[in-house]
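The two complexes that follow have subunit A in common; it is paired with subunit B in the first and with subunit C in the second.
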Partner chain A sequence: MLEWLSSLGITEVVLQLMLISAIMGLSIYFTLYTGMFSLANAAFMAIGAYVGALLSTQLDQPLGVCLIAGALIAGLIAIPIGWPVLRLRDIYLAIATIGFGEIVRIFLINFDNVIAEILRNQTGERVRYELLGGARGIRTIPTYTETWHLILFVLILTFLITRLHRSRFGRAMAAIRQDEKAAANLGINVVYVKNVVFVIGAVIAGAGGVFFAHLIRNITPSMFGFDRAVDILAYAVLGGVTSWIGPIVGGLTLTGIPEILRFSQDYRGVFIGLVLLLIIVYFPGGLINPTAWRAFWQRVRRTHA
Partner chain B sequence: MDTFLQQATNAISLGAIYALFALGYALVFSILGVLNLAHSAIFAWGALIGLIVMLNLGGSIPIALIAAIVTCGLISMALEVFAFRPLRQRNAARISQLISSIGAAIFLVSLAQIVYIRLYNNSEAAFPRAMIPADLIVIEALNIRVTLMRVIVLLIALALMVVLQLLVTRSRIGQQMRAVSFNQRIAALLGINVGRIYLFTFFLAGGLAGVAGLFYGLVFIQVDPFIGDDVALIGLTAIVLGGMGSIQGAVVGGFLVATIQTISTVLGGSDYRNAVVFLLLFLFLLFRPQGLFGQPESSRA
Partner chain C sequence: MLELRNVTRQFGGLLALSGVNLTVPDGLIVGLIGPNGAGKTTLINNISGLDHPTSGTIHFQGHAIHRAPPHQVTRLGIARTYQNIRLFGELSALQNLLIGQHLRGQASLLEAILFTPRYRREEQALDQRAHALLERFGLAQVAHVPAGTLPYGDQRRLEMARALAIQPRLVLLDEPTAGMNPSETRELGEQILRFKADGLAVLVIEHDMSLIHQVCDQVYVLNFGQIIAHGTPQTIKADPVVIEAYLGQEETE
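On to the complex of A and B.
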């Protein structure tokens, strides 16, 4: 299996990145499925990645601890962010979450400088302070992430998601997407459901960040900027959010295809941009959407008959 | 005090560029009710077109200006045709239009990056300093120095804002634009060619972004395909501050953001200037999403 993949140009590292993309796709799946357009997941990924990397580099903690801490802290930060921000709808929510992502990025870049300045004011002498590494980020993170961790994580997530969809809470999520007002009239606590969903997405994104940091060894704030947020969105849009299979397939293919086709890095953006544009215009439900495909084949058959 | 006045003069010319850029956002939002996130990519193309005209074709600044307006206007029209119109005809959600404009933005920026690398062997290039009027205008009494280029930028930007305001409020096509913005269906019933108004609006917005991008390049000299990223959120902050879709609001918002940036640079250093701006964006979205002058959305709908 691995040999066949590597003959396509998918090495083990690429496969691991593909799986991380699938995890990130699932993290935005929750919010999109509930009808919320949040672009904050790249920021939560950054929080997870930094927390995990700090624990493993500074305190020599194993991956399990990093994972739990990274995911939890991302989730905890999501609570005070989501509570005010989720009152906003579509484009306003999008702008606010983009702004949140930028604030996290600027915080990560400047954290060391700010602390150094505070220390200097207290002690009166110049101090060097290095924790988050500013724009250069954290380096030489141990590579703990292994392929089976990621596969196991995706499997557990999908199991939980299938359970969730059959639960009361899962149906409330779908109801809010279809009609928020009607859902509220049916007695669904819309604010509560939206906030919990936002936190779940942040927790998954945080876990994805921890895996990511312990795979590529060197993280910088610019890795988790607007581009990353759009990539994550593209996974979900390509696969579609009618079912959980969509974001997984979207994440795997969008990360894998550039490797298989051996694009130069320059054309990656052109490719991602075109995919987003074409899918949203011609395949609004994403590629993993049985009803759309059925309609598509019927149209093809009719034109050829 | 001296540095304050000096910083204030810088803020004014920067604010003029932000205002021009934000105007395009506001124009599209007020007429279509959608946010065109590819607007910042068009801004970057404005600088690129200016660069090509002045560096490779040896044109002067006025030629570069016209080329940037026309090309960016056309790119913007293409956006309307390929990214917005199909979704509108399907009655898709506003989110889909946002996603398609993000896709278009990434596509355009990456394309610009490829052009930069092909033409300049690098993703960075500089405007020819020799062709930019760099004479210093010194006001002795106030101890202020401004480059001539910044003054020209400010004057042209102000002139364009006045022209736009007159166009929207006084001309026939401006009247039609306002009608479409008020209610697309009724406007169509009154015999207004709605599709044409949309195309015209996108052309105007793109042209403004192109001018803003070119001016940004002329003032800062050094440009790259990602300069749009610098202004994307700043422009959004400007229109949120001014009230989404308000044309005067976008102008005020643009100058306001530049002022805030300058003040926070003077007080805390340039690292924090964008943090302050985005914090402001955040607070405004939460507590006053209609902006400084706008009405609540419920009364607009």
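On to the complex of A and C.
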């Protein structure tokens, strides 16, 4: 199996990155499933990655501690962010959360300089201060992440999601996506549900960030910018958000395809674009979408009849 | 049971409701009629918490609800339907009724994840009640059909069933018979009378006078945001002010 994958260009590291993308796809699945167009997941991934990397590089903590702390702190930061931001809807929510992502990125870049400046003002002499590493980020993070960690984490997440969908809370999420006002008039506390969902998404993204940092070993703020936010959205949208299988398939394929297409060298970008275009045209509701497949087969049958 | 005092709602320069006083007594069916744009839906939105009055008070069983968010109003036992149906279209009829019972459930998310006996018992009970409601409204065959693809009449009935799923003490119906033929209207009237038999109070917005006569104990007439008449269906029908504002207009059409 692994040999076959690596003959396609999918080495173990690529497979691990694919699984991390699946985790990120699942993190945005929660908000999208509740009808919230939030693009904050890259920022929460950054928070998880930095918290985890600091704990392992500065304090020699094991992966378990890094994971819990990274996920928890991402979730804690999501609480005060969600409260004001989730009053917004649709594209306005997207813009506000992109703004949050920029704040996090710029904070990470400038943190060391600001602290150094404060110290200089206090002591009166020039001080070198290095914790987050500015634009160069944190380096030589231990490689803790193993493939089975990621597979296990995805399995746990999917189990929790299937249980969630059969709960009152999960039904409230679907109701809010379909009609917020009707949901409120049925007794659902819309603001509460949205905030909890936002925090759940942040916790998962934070965990994804910890795994990511301990896989690629060097992290910089620019890895978690707008590009990453859009990538994460693409996993969910291309896979489809009608079920949790969608974001997983989306994350795996969108991260795997560029590697498989590596043989095409200079034309790689063109191929990737073409694949995306085909998916969007023929599967507007995402790859994992029963109605889209039915329509697709009907179209195939008609053209061959 | 429900008491509106001096309720005024202003949208910029427009006075949608102006000093409305209205009471829905325990266990009675109260009708609210009035020409299009009179402010009927605004009134229901203000009671159900989707909108809030600029001034005036709304009390339900002693609780002031004119500043309460919709989910808290619902918690006190007020359910509603909408003029333009607002079902969860992608979800099945059954799921719509399960969501309607949101407040009936106690089990936390953790219990659902752990699949505890309490959670399973509760889900079973919710499921049974949902099926009973589907049965009552003649929707048992379409339990698993997405609500958005149901025929119009079924959607109207499902929305009523969903309002009942809350186990309310007061139901607000916003033009429940819109788009229905006379025999369907009559059937729906019988459903509304059954609400009363079950001890519920009802506030119903209607254009169909035959339904008003069939079900209502009292009628309020709203015109340009003001209550212009109040009485039994018979006295309202004979009131010259009402005939001029509302009924007369209809007859000339």
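By definition in this document, the second predicted complex is superposed on the first by the 279 of 305 C-alpha atoms of A that agree within 3 Å, B and C clash if a C-alpha of one lies under 4 Å from a C-alpha of the other, contacts with A are read in each partner's own complex, and residues count from 1 in each chain.
The criterion applied here is as follows: contacts are C-beta pairs under 8 Å (C-beta built on N, C-alpha and C of every residue); 3 or more make two chains touch, one makes a residue touch a chain.
For clarity, every value in this text was computed on a predicted model and none was experimentally measured.
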As a test of reading the superposition: which chain, subunit B or subunit C, is in touch with more residues of subunit A?
B
Check the residue A:Val281 against both partner chains and state whether it touches subunit B (first), subunit C (second), both, or neither.
first
Could you tell me if A:Glu102 is touching subunit B, subunit C, both of them or neither one (first, second, both, neither)?
first
Tell me which partner A:Val300 touches in the superposition: subunit B (first), subunit C (second), both or neither.
neither
Does the superposition put A:Val237 against subunit B (first), subunit C (second), both, or neither?
first
Touching A:Phe226, do we find subunit B (first), subunit C (second), both, or neither?
first
Identify the partner contact of A:Ile79: answer first if only subunit B is touched, second if only subunit C is, both if each is, neither if none is.
neither
Return first, second, both or neither, reflecting whether A:Tyr92 touches subunit B, subunit C, both chains, or no partner chain.
first
Going by the contact rule set out at the top, does A:Ile118 touch subunit B (first), subunit C (second), both, or neither?
neither
First, second, both or neither for A:Leu59, with subunit B first and subunit C second
neither
In their shared complex, at which residues does subunit A touch subunit B?
37, 84-85, 87-88, 90-92, 94-96, 98-100, 102-103, 106-107, 109-110, 113, 226-227, 230, 233-234, 237, 266-270, 272-278, 280-282, 284
For a test of understanding, state which residues of subunit B touch subunit A in their complex under the given definition.
34-35, 82-83, 86-87, 90, 92-96, 98-100, 102-111, 113-114, 117, 229, 232-233, 236-237, 240, 271-272, 274-275, 278-279, 281-282, 285-286, 289
Spell out the part of subunit A that touches subunit C in their complex, as residue ranges.
160, 163-164, 166-172, 174-175, 178-179, 181-191
The answer for subunit C against subunit A in the complex is residues 48-50, 69-71, 73-75, 79-80, 82, 86-91, 95, 98-100, 102-103, 105, 107, 109, 112-113, 115, 119, 123, 162, 165-166
